[in-house]
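Both complexes below contain chain A, partnered by chain B and then by chain C.
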Partner chain A sequence: MKYYINALGMHLKSELEYRTSFIFSFFSQIIVFFSYYFVIISLFSKFDNIKGFTMYEVLLCFAVIQFGFAFNEVFARGLDKFDSLIVHGTFDRVLLRPRNIIIQVLYNESDFVKSSRLIQSIIILIIAVIKLKIKWSILKIICLLLMLISAVVIFFSIFLLAASYCFITVQGLEVRSVFTDGGKHMAQYPIGIFNKGFIFFFTFIIPYAFVNYYPLLYFIGKSNKVYYAFSPLLLFIYVIPCILIFYLGVKKYESAGS
Partner chain B sequence: MKAYYTYFKLKFITGLQYRSAAIAGISTQFFFGFVYIMVFYAFYESGSGSLPMEISALSTYLWLNQSLFALINQFYRDPELFDLIKTGNISYEISRPKNLYLMWYFKLLGQRLSNVVLRFFPIIIITSLLPKPLNFTLPVSPQAFILFLVALSIGTLLVVSLSVLYPIIALLTMNEKGIVNIFAVVADLLSGVVIPIPFFPPILKMISRVLPFQYISDLSFRIYVGDISIQNGIYGIFIQLIWLFITITIGYSIMRHNIKRVVVQGG
Partner chain C sequence: MSFIEVRQISKTFKLAKKKSGLKEAIKSFFKREYIYVEAVKDISFSIEKGEIVGYIGPNGAGKSTTIKILSGILNPDKGKCIIDKMVPWEDRKRFVKKIGVVFGQRSQLWWDIPTEDTFLLLKDIYDIPEEEYQKTKEDLVEKLNLKDIINIPVRQLSLGQRMRCEIAASLLHNPEILFLDEPTIGLDAVSKQLVRDFIKRLNKEKQTTIILTSHDTSDLETLAKRIILIGKGQVLYDGSLKKLKNKYETERIVSIKTKEKLEIRNKGIKSKKKNGEGYDIVIDTKVITISELLNIISKKIVIEDIEIDNESLDNIIVKIYKDYKI
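What follows is the complex of A and B.
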């Protein structure tokens, strides 16, 4: 873990060396991010609800998902870029070091420019929560925290799966962006608004529903089933097979050479 | 002129080689198209507020958007051109007895067209078979279809004239990423690719009216679904041509003035 933090610090320093570039990219990320919630805001200027969800409820859902995704983009960028490790044969070096493989992959790269998304999603989260006038209780605080943590975990798992896929295909395929970017795009709306096939897939195969739907229902008071608040915990079970699959890939790994 | 046509053809044929990339692109486009349409559908079903467009027209609009995405999106860049600039190989390009602006213009045009040729038909064919009202439908009238083709062609020329500006910015600043990104996102938003212009809040509608971006694709798509009448469509095409002239003039003259001052990087 100490190495991970060290490496992150080094990445941050090297990115800050190009100061103007960093600042420009940081601002461009703010605008990119704005374009995401612009869609939600302009749609709600025409309609007043979507299947019973109001604007701030959707924005809350949006903020949670974006938080999880941005967190992984900043701190787990190495997984996202895993194919370049394999293509260039640098993964062999990782295997030689007597340290945890996943952590080494994580700190291989990072992208601090994306932290602007992290900050923005937290701001939107706060605004949404204030506007929603939640009746607070300890359980609801736990529920919100679990939502945020599980959002991080689910994207971590998906990134890990996409990375394991590189062991088979060598080159990263664009198809995985359906599950990362596409999944993110879809999960920024409460999953209940979609049709049944989608809900089934994103509950049991990639369990977004336990991140942004069931706990959300409890949090905004649409449901008072207490176990909904704890449903994000299922994600901690979901990540285990993802890690195992990754290690299975490592076992089968044949170097691509360099 | 023949030389430029060759550049166009070269890039067009090269682009056709990337078939697996096209398949990946198609599946992404499908997924995004479905998500967009289902979100809109859920809004429509909730039955609240005023509807700027019929759901069937909207579906057709959104599928046109997805199937022509490679042609009209603002994010497309040719990494080759940026490499030329950063490695210093641009000196070869400059020494050719041809106009650099037109060379780049036709290269980009060729790439975009070949990308869209591979993606367009599968998406259109499959989405026409979807259940109503989520399917892709035929144009409202033959006249509208002809006008759509005209507006789309000019829109394509317009979007290329904007994306030639990206490598030109890189040529001037050497560090184009931030600026180009901001430009692309704003252009993308205001062109109606993210959400159709009739759904914009009033202020943004005003802003987009005085900028060229809505003439890239929104005009032609709305002519196709009948949201813009033939008469207004002809008027729109007229403005489109003016914008095309302005953007090409800007790009062309910046290039001409600055090409003499270009600093070649590296050796």
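What follows is the complex of A and C.
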């Protein structure tokens, strides 16, 4: 783990080499990101609720997903950019180092500018939680933490799957945006507001529902089922085949010519 | 068993067939045709500890593929490869601690930060104990003359400076085998010399086994006693450089400095040209030896000075490639 942290430190150092650029992008990220929130806020200025979900409930849901996504963009950027790793032959170097392959891929690239999103999502999360006037219990704290962790795990899994695909096609796959960006935009809202087909897809194919719907129901008191609080744990099972598929891809790896 | 043992390794790549033109591009978008390219087929050789081997061949002959198989990046389709009792692609983590790889065309240094920071990172990655790290680093800094450049961000270094850092970076963990894939590509004469001298010294002092690919024949001449020539994925020659040279080096140019006029017509003399101060005579050494030639000439005229030119290795390699039709 030490080398992973040190490598990230190096990334930060090299990003800070271009100081002005770093500051500008950091703040432009904040502006872009807040525009997403304004969409939700202006939506709720017209309606009180969407299918029974109030504004702060939706914002909470939104913040959790954004947190998971931004976390991966900062700490697992290499997976997101995996196609360029293969095309440029950097992956050869990864295989030449006596360390875990996935961890090496994670730190191969990094984007600390995106940490502004991470900070913002935490701020929104805190505001939403305060405004929701939650009746706190230990279970609810665990539930919220599990939501955040599983949000990280689900995007990690999807990034990993998309990366595995690069072993076959070399070029990155645009379809993956359907699952990451598209999925992200859908999952920002409680999945219950969509129709059956979407719910099925986001429960069983890409299980966003276990990240921010079922646990959300428990957290905001819409449901008393305790197992809803622990449903995010399912994501830890989901990530296993994703990891295996990635290693299957490594076996198929054919390197770029030089 | 040898230190490095390669037995009948084959690797085939599947490539999508690309034709030119938009129409063909659209067609191939829906229906892909594949061609299979045998990058290497049935390659076998063995290398002892402490050897320097030049691995040569034209572009696309399979040099890089072999290096990638030997270093564990690629799995071959067929064949066995055992290096220091390990199979590279199976014992990856254990194996790569023992090797260093320099790709002349790809950098392993971090672009925006000084080389020393990359070294620190490598120290963590290879788990090098502090004491050993300091010792190795100081040694490399001194021998590769890195003192003034190790603290400059890599993007500001010249190519020669970067290559020296590159080589140092792949030797921090004291590997037993060093793979050098075109280490002198694009370097100026001084940097080339420095790199070559260093490699020679490394081999001598630490008995590091070195496998070197290069298109620069002077690299091979100064470094490798043994070469393996590969073409179209097969080993064409494996042996000493000297023997290969003798086999193909049948032409010699003898330059004679004289003020007199020379008339000579013997078998084996291919051409005679007048130059500024005398004559350039090209002979076929299979027909006439140099001493025979000099004997004949010295009987006719007074020779002030002679110069005998070796045929360059470059020409020899061109000849070999032609011979093998590669």
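The rule is short, and it goes like this: the second predicted complex is superposed on the first by the 257 of 258 C-alpha atoms of A that agree within 3 Å, B and C clash if a C-alpha of one lies under 4 Å from a C-alpha of the other, contacts with A are read in each partner's own complex, and residues count from 1 in each chain.
Following the convention adopted for this analysis, a contact is a pair of C-beta atoms (placed from the backbone, for glycine too) under 8 Å apart; a residue touches a chain by one contact, two chains touch by 3 or more.
Here the structure is a predicted model, which means the values were calculated and not measured.
Colleague: Clash or fit: chain B and chain C on chain A?
Modeller: Result for chain B and chain C: fit.
Colleague: Between chain B (first) and chain C (second), which does A:177 come into contact with in this model arrangement: first, second, both, or neither?
Modeller: Touch partner of A:177: chain B, not chain C.
Colleague: Touching A:21, do we find chain B (first), chain C (second), both, or neither?
Modeller: After superposition on chain A, A:21 lies in contact with chain B alone.
Colleague: After lining up the shared chain so the two structures overlap, which partner does A:255 touch, if you call chain B first and chain C second: first, second, both or neither?
Modeller: A:255 contacts chain C only, not chain B.
Colleague: For A:97, using the defined touch cut-off, is the partner it touches chain B, chain C, both, or neither? Pick first, second, both or neither.
Modeller: The second partner, chain C, only.
Colleague: When the two structures are overlaid on chain A, which partner does A:225 contact: first (chain B), second (chain C), both, or neither?
Modeller: neither
Colleague: Looking at chain A, does chain C or chain B touch more of its residues?
Modeller: Comparing touch counts on chain A for chain B and chain C gives B.
Colleague: After the superposition on A, what does A:2 contact: first (chain B), second (chain C), both or neither?
Modeller: Second partner only.
Colleague: Treating the CA centre of chain A as the corner point, state the angle out to chain B and chain C, nearest 10°.
Modeller: 90
Colleague: Least CA distance chain B-chain C after superposition, rounded to whole Å?
Modeller: Minimum C-alpha separation, chain B to chain C, in the superposed model is 7 Å.
Colleague: Residues of chain A that sit at the chain B interface in one complex and at the chain C interface in the other, please.
Modeller: 18
Colleague: Any idea which chain C residues touch chain A in the complex?
Modeller: Those residues of chain C that touch chain A are 13, 64, 68, 71-75, 92-94, 96-97, 99, 101, 103, 105-106, 108, 110-113, 117-118, 120-121, 124-127, 153, 181.
Colleague: Which chain B residues qualify as touching chain A in the complex?
Modeller: 21, 24-25, 27-28, 31-32, 35, 38-40, 42-43, 45-46, 48-52, 175, 177-179, 181-182, 185-186, 188-189, 194-195, 199-201, 204
Colleague: Which residues of chain A touch chain B in their complex?
Modeller: It is residues 18, 20-21, 23-25, 27-29, 31-32, 35, 38-39, 41-43, 45-52, 173-175, 177-178, 181-182, 185-186, 189, 193-195, 198 of chain A that touch chain B.
Colleague: Across the complex, what residues on chain A touch chain C?
Modeller: That would be residues 2-3, 6-7, 10, 13-14, 17-18, 88-90, 92-93, 95-99, 251, 253-255, 257-258 of chain A.
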